[in-house]
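Each of the next two complexes has chain A plus one more chain, namely chain B in the first and chain C in the second.
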Partner chain A sequence: MPVEKYLGVPLHRPKVAFFEFTACEGCQLQILNNEATLLDFLSLLEVVTFREAMKERSDDYEIAFVEGSITRADEARRLKVIRSKAKILVAMGSCACFGGVNQLKNRFNNLAWVKEQVYGTFPIETEEARPLEDVVPVDLKIYGCPVKKEEVEKIVTNLVLGKSVNHPKYPVCMECMANDNICLYKLGEPCLGPVTRAGCDAWCPGSRRGCWGCRGPADAANVDQIISIMDEHKFSAETIIDRLECFGGFREFAEALKKKTATSKTKKKRAGK
Partner chain B sequence: MIFRILNKPELRELFDVLAANRIIGPVQKGTSHDGKPLYVFEPVFDFNELKLDYTSTTRPAKRYFLPSHETLCTFSIHENGWEKSVDFNIHEPHVFFGMHACDINALDKLDKVLLESNFPTPYYAAKRKNMFIIGIECTPQPFCFCRSMGTDSAFHGFDMFLTDLGDRYFVEVQSVAAFNFLKNIKTREPEEKDHARYMELVAEKNRMFTTIVDTTDLAKILDMEFQSDVWKYWGDKCLSCGTCASVCPTCYCYGVEESVDIDLKGAKKKKHLYSCNLIDFAEVAGGHNFRPESHTRLKYRYYHKHRGFMEEFEESLCVGCGRCSEACLAKITVPEVIASVRSGVKPKRRSSRHGK
Partner chain C sequence: MNISCNIKINHVSRVEGHGNIHIKIKGGKVMEAQWEVVETPRFFEAMLVGKQWDNAPWICGRICGICSIGHTLASIRAVENAFGIVPSEQTRKLRLLLKHMETLQSHILHLYFLAAPDFLNTGSVFPLIKSHPDVVARAARIKLVANDACDIIGGRRIHPTRTVVGGFTMLPDKCMLETLKRRLEDAMTDLHRTAELFRSFPVPDFMRETEFVSLRGNGEYPFIGGDLVSTDGVRRKEQDYEKMTNEYTVDRSTAKWARLSRDSFAVGSLARLNNNFAFLHPAARELSESFGLRPVNHNPFMNNIAQLVECVHVTLDSITMISEFLDAEWDEPRQAVKHKKGKGVAAVEVPRGILYHSYEFDRAGKIVRCDCVIPTGQNHANIQHDLRELAAQSASMGRKDAEIELLAEMLVRSYDPCISCSVH
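Entry: the complex of A and B
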């Protein structure tokens, strides 16, 4: 039974729709993958479209949760239609927020070559992977690859109750320390936790995997400093660039570092001659 | 103070006597990439797990009395109203088996703010009043500067304190509880040779301190150097990640957050420890941030530790355990920051703490 009142005040159950573009649909799966609270979650909302979970569809919705990046002209057109129908458009997951893993292909200057390598002669359209906000205005971002279901539930509860939605502004280290993890740098592993936005409860470092920055930079991220720290810890430029460019959130820093490394390599070459 | 001598095998007996309660002690959790053991305070169920000769734990014991996240109260919400229930989250007494003097001093400093101030916090008091502390003498490490902060020995705030004399422990008995527990095991009066050995060891320990921080007039100097360029130098390095506060045994600043359960039938008020180095620490309603730059936040941490607390309590809030310096990836260390503020000179090269 959906809750109808909260503290005596009638509740409005917003009509929501879930959409996906170029993505693995893992973020939507995360939402479904929480049996303990799924019924409570669904009783807060009126889901009208959710391809991964139901057959019914409707174009009458207030909130659109959109997963994935935009990699084709028809996707951009479809997203614009969604934007025109939704009061609130939520970019859900790293692909929607930053381009995600998909945007890795953007680093190749020659996209025609990439297409040929992946699809051969199969006729398919593909352009640079873009985050949603490159195409339409986005009202709210939910970070992560995949999104953390507890965080989505908290955000949705706050949306329904009319409370403000606040993302942590600090980096993952705070949550990692709160969980009493040993710093991965002490164990000799690279980690972007000191510059990546928290909210994931230090999901990866807690499993002894260094952070890859899927949630993008924290508010005061000192990325140049973490690059020189990783360098001091003897991690190669390649390792650092791999981390920074993986999800797209730190793309500009990855690009800058690539340029710098390229120039220093040329200098070394010249000096060698 | 009562002094006793305890033969080493008897310590296991004491452990067993106390084991009816939850015992927290130093254990080795892993090894760092450069081969150093990493110690932490954890519940100990077997005396053999205890590493009483530990160097320093990577984290303080803070989480047992000032946890990073704590539910202050819960609400149950029904049709037309709500009920509040408060729990101080004390479920059992804790025995701390092997705490160094710096960490005991840290507790004493926290007491001043959280117990003895005008607004004592019952969540802390409930835990603090329910602990039994066995202190143990330590070996100064390169990063330790407790001697400079006057916290290299503890005078109160513990129940008993052990010093390893080789085949026996020199025991300071501070509380009635400790005296009563010791009745269960074999101890003896110290003799002249025990005193002599104890004093020898103390002198030896004093010679081992390698890091000295000049704290003379520090509070005044900090006031004079408020605009110093060196703050900017350290601020540019700072990652604003809050790790220094997380590993600090005396950092107690916090934020409070209220959340409604997803079934809308309950709500929680949660406290979480915060750090003055985090970007939004001084952000207020309306969005204004009093300390938007990293160097102003970093400076604030030093001012709270070495100036503000000094003014209020005639002592520094820093115990010189060196954990923040060890944990800081940007290698911002308290001795170096204070030296640079005193001299106005930025360090020329990075610290060689890791022997590079």
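Entry: the complex of A and C
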């Protein structure tokens, strides 16, 4: 087992493997996108499997970083094998944590139509997109679409040093205020910053793009209140639903709002009659 | 004579996504030479149906982790074409600069991290950290400047935040652009060293006559929008892309394949270069010629060199564009958007070739139909035909199994396939 020193203390370099299921592979790419600190980062780990970057493969690993959601039976089988080999299984990115944009196809509740829309009569296999934890127990989640490299580095360093990993409990809004960003609502843009889990340093709002909730809800997020805030700012229910359902973290809230809107529409129609 | 071999490579490494190679030779005859695409489909074209127009670039950018900027820009252009929006000159140039920087980071990623290990006899870039530290440091340096540029202009390197229909949510800081320009000037030295490195690699001697499809340059090397062209003499308008791609399904692939005048065609750096050589920056053209790369080149392995040539082109072009930005005052970052019923098509050259996005909107601005045709999807059939030819040549030359296996993988890698993208 390779051992190097960190601050004079011998350090155990864990064997790690990277895997991907239904995804764009952007989160894995973020690992390679750490150019400035890539070499330091890699010195903490012994990468034994990383198909996107290396030919060698090994089944002997302690930590598995898994990107993507599960959308086919063979993926669920592969994931179970990975789970049986890894001491720590990390779900990396929105697809792995919540289903990500892939779960948008679930909203039709009609896989036959979804398949037909893209492939016509060509036979194609797919299931409802599921996050990893619907298939196997997940030890740790790294949120984001994409994951933020600084956060990945921090989490991985803590893992290697045996420190606990804690996600911020507060919402993106706090980071936005700390960064003195202009509030998106003042610019007339919808934003889920008040309810989405922080840790991205208000990545999108910092670029004057409203938050779409890719990191899922913060602890004790008051989603009902964000819905009424959006409503006060005259954003349509549709606009709110688009954001709430985009990455899967707020799925229940999106569903509830959809039901509510549907009932109020019927009521209005009836009243109109 | 290679009497027999049975090569099966499941999930080829150092490519984006999941593809398998199967080559079976018996008694010197190729029994099978198959390129299989086993990636799980994501159904972007279905998931967008019923969504408001502003979802399209935000969601479709996520088709790809490597060329998310290209997808976002293609999606934006398709929406703008549908709504009759013409971007301002500032927006047009800033998008092109952003596009250039994505091209640079993507090509460098491919050249150093995915392709080079084959020539340096390692399985990945990781052993090179110890054996060739200068090479790895150089790759990281060029990639870093390109990625930083994407952050400065697009808000972030993957799934950009500032790019919207109508323009940008905010403009880059001029001080940062100035630093970027200096760093790009420095990167030219690194690119020349990259050229020296690739000059020391033997390019496999292989040729198969191929039709190459790309945008057609109109005064400049093309990246965003314009007419479509092929080396077999086909020319079409952007909105007639379906006549250029003719997609069809194949049993062993979850991605759709494409064809034009022949059984297959190729897109990508080599296709762009083959069709638009005259529009390359003179220094890039000179570099190309020094590698013996002139149109029409039919060796797919030369795609690596074409990528290198494009790195030089986009870097020099970016330096010029940044100088122009620094000399001018910023205009408004974005224009107002008014949706309307209609159809919009966009063709954009992303690192791996020509990409099409097409949407149809109803009166309320909701997406009724969505179609995306991915460069790697267009290349699958050509990879298949090249693979068969490579297997046949290998059999007649009596190549050893390990050699055939490596060449087959190198062939696939030379296309720099983005397989999950092709099975969007």
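The rule we apply is simple: the second predicted complex is superposed on the first by the 268 of 273 C-alpha atoms of A that agree within 3 Å, B and C clash if a C-alpha of one lies under 4 Å from a C-alpha of the other, contacts with A are read in each partner's own complex, and residues count from 1 in each chain.
In this text, contacts are C-beta pairs under 8 Å (C-beta built on N, C-alpha and C of every residue); 3 or more make two chains touch, one makes a residue touch a chain.
Note that the structure is a prediction, hence the values are computed from the model and not measured.
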Report clash or fit for the pair chain B and chain C bound to chain A in the combined superposed model. fit
Touch check for A:Val81: first (chain B), second (chain C), both, or neither? neither
Per residue count on chain A, the busier partner among chain B and chain C is C
Superposed arrangement, angle subtended at the Cα centre of chain A by chain B and chain C, nearest 10 degrees: 110
So in the superposed three-chain picture, is A:Phe122 touching just chain B, just chain C, both, or none of them (first/second/both/neither)? second
With the two complexes superposed on chain A, say which partner A:Ala262 touches: chain B (first), chain C (second), both, or neither. neither
Considering only the touch criterion stated at the top, classify A:Lys154 as touching first (chain B), second (chain C), both, or neither. first
Contacts of A:Phe50 with chain B and chain C, given as first, second, both or neither: second
According to the stated criteria, A:Ala73 is in contact with first (chain B), second (chain C), both, or neither; which is it? neither
After the two structures are laid over each other on chain A, how near do the C-alpha atoms of chain B and chain C get, in Å? 12
Within their complex, state which residues of chain A touch chain B. 3, 5-8, 11, 37, 40-41, 43-44, 153-154, 156-158, 161, 163, 169-171, 173-174, 177-178, 180, 182-183, 185-188, 193-195, 218-222, 225-226, 229, 232
Within their complex, chain A touches chain C through residues 20-30, 32-33, 35-36, 38-39, 42, 47, 50-57, 71-72, 75, 100-102, 104-105, 108, 113-115, 117-120, 122, 124, 126, 145-146, 203-204, 206-209, 212, 238-239, 242, 246
Seen from chain B, its contact residues with chain A in the complex are 29-30, 32-33, 38, 40, 58-59, 63, 68-69, 77, 79-82, 236-243, 246-247, 259-265, 272-273, 275, 278-280, 294, 327, 329-330, 350
Contacts from chain C onto chain A in the complex sit at residues 11, 13-17, 40-47, 49, 51-52, 54-55, 58-59, 62-66, 68, 109, 113-114, 117, 123-126, 129, 136, 140-141, 143-144, 147, 155-159, 161-162, 164, 169-170, 249, 254, 420-421
